[in-house]
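Read from first to last, the chains carry the letters A, B, C, D, E and F; within each, the first residue is number 1.
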Amino acid sequence: MDEWLDNLRTETPQQGFELAIKLSRMGVKYTQPDMDVLNAGRKDYAGNPEFLIQASQVIAVHFQTVAKANNYWKE
Amino acid sequence: MDEWLDNLRTETPQQGFELAIKLSRMGVKYTQPDMDVLNAGRKDYAGNPEFLIQASQVIAVHFQTVAKANNYWKE
Amino acid sequence: MDEWLDNLRTETPQQGFELAIKLSRMGVKYTQPDMDVLNAGRKDYAGNPEFLIQASQVIAVHFQTVAKANNYWKE
Amino acid sequence: MDEWLDNLRTETPQQGFELAIKLSRMGVKYTQPDMDVLNAGRKDYAGNPEFLIQASQVIAVHFQTVAKANNYWKE
Amino acid sequence: MDEWLDNLRTETPQQGFELAIKLSRMGVKYTQPDMDVLNAGRKDYAGNPEFLIQASQVIAVHFQTVAKANNYWKE
Amino acid sequence: MDEWLDNLRTETPQQGFELAIKLSRMGVKYTQPDMDVLNAGRKDYAGNPEFLIQASQVIAVHFQTVAKANNYWKE
């Protein structure tokens, strides 16, 4: 796969959150690289609260990593 | 998206918990930005204990991050 | 919401565990503040092992946070 | 509830693992204190691999906490 | 139960990963000690991707613990 | 099993993410070593968003471990 992640540092917590979202999506994309299959499945789940809360869970785990990598943006 | 997160610091643990809830909801909102779809799905699940416990789980993961960012409000 | 959390410190690990339970329940309550809806749903699940183990999972995540905030009650 | 947890220290990793199991079970018991309801539900799930793997997951999270509290039994 | 875990140290990351698998399985075994019940249930799930991914999740959590106990095999 | 993991260090975060994917897959493979069974099950789930998000969750947990082992690639 092309280079898509060269650094875990971000300037703000919000950018860190958005990086966590990207990591979460890349986990899905590596598991199912066929975008047509991916998008077909996604439509059925787009409004499913259980799916959405699981997506939010993955983001939360990645945000832990990104926040730590940025020392919680304290500096 | 507009700026919605510029800091992980809060004055009290309770405010930190409420920030964790916000982070949890933003994870959902980034995944499904259409508020109509979101609210339609949410109604069916509002009283579903499995959904509620999963929501509580995401909050717990974010609260770990926020608590650490605030050094557990020890200072 | 009224103040319900002003400190993560507890005197004993057991009190810390009970605080983790409170945090877990508050995550549910913030997501579904209507106690009637909450209690109605809860009855159906009270004996459901999958629900109970998920509740136990959320408590475990919060207990990590509380235990760390108390330096594992080593002092 | 009676006192059941006064310390997170154990002598060996195996005792720490068994403490993690106890913590996992106490999370269930606090959520559903009625032992009859608990045992009735448990029978149906005793051989269910999804339930068992979820139980193992909760133990894993608690074992992280206990292992850290014991400095991974390095000393 | 007999002694089965006296140390979290391993020589290599791979041995650490295999210890994480053992910890994951022991969590199941403590919850359901009857090997016949265990094996009966397991057959139905052996090819079920949702079950397999959950098993992989438990291993991941234990691997965090083992990796940390070994200081990530840096030394 | 043959040697497949001798180090948690990677040169870049992206290689670390790819190692997290490998760890996630190896967790599945150790649980179900029969590749025919594995591939048969996988086809049914390849486009299932719930499965994909769970796979992404396991990757996220392993990425935490790998990122920490590499000190978040700060050096």
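A few notes on this one:
Assume contacts are C-beta pairs under 8 Å (C-beta built on N, C-alpha and C of every residue); 3 or more make two chains touch, one makes a residue touch a chain.
Keep in mind the model is a prediction, meaning the values are calculated, not measured.
Both chain A and chain C are touched by B. Traced through touching neighbours, the fewest hops from chain C to chain E number 2.
Its C-alpha atoms superposed on chain F, chain E is turned by 60 degrees; the angle is given in steps of 5. Using the average of C-alpha coordinates as each chain's centre, C ends up farthest from chain F. For this pair, chain A with chain F, the centres built from the Cα atoms lie 15 Å apart. Each chain gets a centre from the mean of its Cα atoms; for chain B and chain F, those two points are 26 Å apart. In chain F, the positions touching at least two other chains are 50, 54-55, 57, 61, 64, 68.
Taken pairwise by the contact criterion, the protein chains form one closed cycle in which every chain touches exactly two others.
Residues 12-14, 17-18, 21, 46-50, 52-57, 59-61, 63-64, 67-68, 72-74 of chain C touch chain D in their complex.
Contact residues of chain B toward chain A in the complex are 3-8, 23-28, 30-32, 34, 37-38, 40-42, 44-45, 50-51, 54-55, 57-58, 61-62, 64-65, 68-69.
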